[in-house]
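Both of the next two complexes hold chain A, though its partner changes from chain B to chain C.
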Partner chain A sequence: MRKRNLIPIVYILFLMLPIYWLVAMSFKTTNEILSGFSLFPQTFTWDNYVTIFTDPSWYLTYVNSILYVSINTVISICVALPAAYAFSRYRFLGDKTLFFWLLTNRMAPAAVFVLPFFQLYSAVGLFDTHIAVALAHCLFNIPLAVWILEGFMSGVPKELDETAYVDGYSFPRFFTTIFLPSIKAGVGVAAFFCFMFSWVELLLAKNLTAVEAKPIAAAMTKTASSAGYELGLLAAAGTLTIIPGAIVVYFVRNYIAKGFALGRV
Partner chain B sequence: MTIALHNISKVVAGQTHIKPTSVVFETGHFNVLLGETGAGKTSLIKLMAGLDPMATGTIEIDGQDVTKLTTQKRNISLVHQFFVNYPHMTVFDNIASPLKVAGMAKSEIQGRVEEAADILQLRPMLHRRPHELSGGQQQRTALARAIAKESRAVFLDEPLANLDYKLREELREQLPELFAGRGAVVVYATSEPEEALLLGGATALMDDGNVVQFGPTAEIYRRPQTLMAAKVFSDPPINVAKVTKQGSTLTMGQSASWDAAKMNDAPDGTYHIAVRPHHVTPMPTPANTVALNGKVLVTELSGSESSAHFAMPDADWVSLAHGVHPYQVGEDHPFYLDPSACLLFAEDGQIVAGGGA
Partner chain C sequence: MKTQNQKAWFFVLPVLLLVAFNALIPMMTVVNYSVQETFGNNIFFWEGVRWFEELLNSDRFHAALGRQFLFTGIILAIEIPLGIAIALAMPRSGPWVPVCLVLMALPMLIPWNVVGAMWNIFALPDIGLLGYFMNTTLGIDYDMTQNPFAAWATIITMDVWHWTSLVVLLSYAGLVSIPDAYYQAAKIDGASSWSVFRYIQLPKMKQVLTIAILLRFMDSFNIYTEVFVMTGGGPGNSTTFLSIDLVKIALGQFDLGPAAAMSLIYFAITLLVSWLFYTLMTKDDAK
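Right, the complex of A and B next:
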């Protein structure tokens, strides 16, 4: 019994180590971090967190990140739902080709799109706005959401649509009261993937913003370079960055595998 | 109440799925669409339900032209072969959903749902969800929804095909009473000739997107108008052979010949005869008088009936008889044909004689 448990425990410790180290650091002073190795905070402090929650240049970057991630998720899902429905229910000219080419935007590193986005947004006055980052992320997230949702929708038999029409449901009513509840796991998973991508994406978010819409990840890199080493503060910011992701993962944990298979399990 | 189809057809991407069809389905009995898989039963139902566009023709329900009406406005019900219910709703809400959409008062919905649930023995399951029910209960929920709606037309598209044997028998017995006296026109699609006979009423035989014959079920069974209709409406498959007629004698190649005085109206020539397997027996009877010599190929015993596939010089036939007959596979065995049960078809497939006409 002991032996069988040993390997999973070692593995979990291995996985948790960086997270533990981050959390431990966030409760240390910068001096302690720089002074050498210590497994636990010797002088336990909340100061790093207090700084983040009281200094607008810190906590507003959280608000910025959450704002554009939310906008992006809402736009992606709202646009992907009708598109995925069309792909799953109708045959039209070039549907298969189009469905495949939707993914081409995922075939290049995001860096490729930084320059065109930067130039375009500067020209039309969208630079350094939340919507700018949200729209830029849509380029990657909408195709992904369409693929995931299409997979879930194709799992719902077309007879369900027909039954609803026969029962007298109009299309909008059918879609919102019958169809959406039937694929709510898929919507959750698609939203999770949009959230996750947008939340961790740094390159576009950093380059398309300056002050007003600066994301948390960009703020973290800035602090490292300008105001000397504030490692405790950075660790606290990092810890706080993990939390939203952890919360979202918790809610969709049962469907993530299906999501990774783009709904086609 | 009636559903009248005038010349309706369906064409998809240049291919004709339903050839121009004109039929009038009436209330008071089951209207069975009988045909093999792919014969166009589901397609025809979808056209009547307004789920697919028609290439030509018009549809009238109870005298009202519904050709241009959407599915939602046709006031119909549809039960699919697969058990289709709304997965996130309870059985109660499933049955109530068409009534809620129609804006009916809550108390009336309650009454109608409970009535339908009582008829279909779903009362204890009203607060469960469809995935917590057995297949039979799920299909009964779909049927209850159709009953509670009290629509003008009910389309049942092979509703029993996915149920296991016992449930199927049970539900099939119930079906006619479910819809009796409700005034709705019931159209029932099936691929089993036996179901058409059990449910009675009228039958439309379908083959390759075509209604090949329509009329009272018994009459169609007795006298199919074409060889194709006879083949569709027979299980096990009807026995067919080429015969030549000279005077009052029918000759089936080297296998047999017999006197067919009843068929004297038909001119001499070559024909197809068709005879159902249960008119070919392994023992002579007062009616089964024409001896055929066959070599037994395959035998099957199904409880009280034995069937034998046997080969003759001109055709391979099937015999179906009551009781248990000891066949030896490979042996030569005499079989006896009832000449009065033979249907005579011209070479173009049209009936010439037989079937009591």
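Right, the complex of A and C next:
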């Protein structure tokens, strides 16, 4: 038994190494980074973080990212809930085709959509807004949310619906007071995956924004100044992008493993 | 049993509208470009299937496609068995399980260009932990900006680091759903640990593994950001995968026609492979 536990421990150590290196570098001064190899920060400094939190062109990008990711998660879950309910409870004309078509959008390479998206969102006057990025990310997040929620909903026996109707519940009241609470784990997991895929995506987010809604990950390219890369600053910004994900994953830690297990293929 | 109800369409309508806005309009734009030539100023000339013919006969496309399949093949061959092995070795319950899951999920939650930047810093030959270790401690000449083999090895290690956890989480989810009674029955029958794996655990994991392989296939086939940040497709063209080549043609050279034709073929290949795989994996269930 002891020996077996070694495998996950070694794996986790392997996962932590590059992260440690990023965090360690964010506490080093640029001089120290460039002067040579050191395993720990020799002169520990908060300067890189101070720079980010005092310069609006840095910290506002952080706010931008969180804003569009949140909008996307809310939209995705709100429209995916009724759709997933329909897929899990009813048969209707073209339901299987529709379900597969939704999933194919998850397969589309983002690189294919960069230019058409730019033109589409410019044409409707949404370029460089948070809502544009949030809507664009719906392309792959809605199919995923429908997929996960459908799995959880199919796990709820249909008798629950019927009993509620017999008891005189209207559909909206049944859905919000009885049905939703019984799949709240599913909603949590779906929201987590929406958050995650919107947070990590950059190609679309970068090309749909210029100044107003620029994501933090795109702001990192400006560390490449005329004086070369400011590696410390880059590392600090990178470290900050890990934190929201870490917080969210902590909240869903008990459900995360179930997320896909219930989804149907 | 599900009831027939056409009104269910109203529930699906919002999803349909949003996804159609995002998928159909851009897709039509791409189709439109793929049959035309433009010299700017919004002037277009009809070209028919010329771009498709050129692309399918171009060595550049074949090379990128070959690299793409090689890369996806390698990472699937590493990540799937490794993920299953780690999931099998994880404890089924206990206070350490959530800690393990959170730590394992962490790499997946880092923005993709940060992952690229992180591995860049990690692999710097003189001041990165990996680069320093390779060059100074092991004495191997390692520099991913110079050596194609080093670039491939680093990108594959990066992808294993980034995504194996997804396979672990999914396999683990499949494993914990197996009732204890199955294991007890196997114990009474004196089954070896291999037969337990082959006849109990693997069949139970089949569904989640299908999802894992499909997701890993799609995402690795579409890989762009990490590789772009790490090597930019180099050295030379050695790590120019399909998406990188596509963005080079579309945004770098602004050849909209060829880029659009390539997009369509690219998407068609992804769909075809996913569909083939999906049909193969689920054909037993249909019986």
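Operating definition for what follows: the second predicted complex is superposed on the first by the 246 of 265 C-alpha atoms of A that agree within 3 Å, B and C clash if a C-alpha of one lies under 4 Å from a C-alpha of the other, contacts with A are read in each partner's own complex, and residues count from 1 in each chain.
Note that in this section a contact is a pair of C-beta atoms (placed from the backbone, for glycine too) under 8 Å apart; a residue touches a chain by one contact, two chains touch by 3 or more.
Note that the structure is predicted; figures quoted are calculated from it, not measured.
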Comparing the two partners chain B and chain C, which touches a greater set of residues in chain A: C
Touching partner for A:Val50 - first (chain B), second (chain C), both, neither: neither
Partner chain(s) touched by A:Gln119 [first = chain B, second = chain C, both, neither]: second
Touching partner for A:Arg106 - first (chain B), second (chain C), both, neither: second
Which superposed partner A:Val63 touches (first chain B, second chain C, both, neither): neither
First (chain B), second (chain C), both or neither touched by A:Leu135: second
Residues on chain A lying within both footprints (that of chain B and that of chain C): none
Residues of chain C touching chain A in the complex: 2-9, 11-12, 14-16, 18-19, 21-23, 25-27, 29-30, 85-86, 89-91, 98, 100-114, 117-119, 121-122, 126-130, 132, 136, 161, 164-165, 168-170, 172-174, 176-177, 207-208, 210-212, 214, 218, 221-222, 224-225, 242-244, 246-247, 250-251, 256, 259, 263, 266-267, 270-271, 274, 278, 281-282
Chain A - residues contacting chain B, complex: 157, 159-160, 162-170, 173, 178, 181-182, 184
Chain A partner contacts - residues on chain B that touch it in the complex: 46, 49, 51, 70-72, 76-78, 80, 82, 84-88, 97-98, 101-102, 142, 145, 149
Touching residues on chain A, where the partner in the complex is chain C: 4-8, 11-12, 14-19, 21-22, 25, 33-34, 36-37, 39, 75, 79-80, 82-83, 85-87, 89-93, 95, 98, 102, 104-117, 119-120, 135-136, 138-139, 142-143, 146, 196, 199-203, 215-218, 220, 231, 234-235, 238, 241-242, 244-246, 248-250, 253-254, 256-261, 263, 265
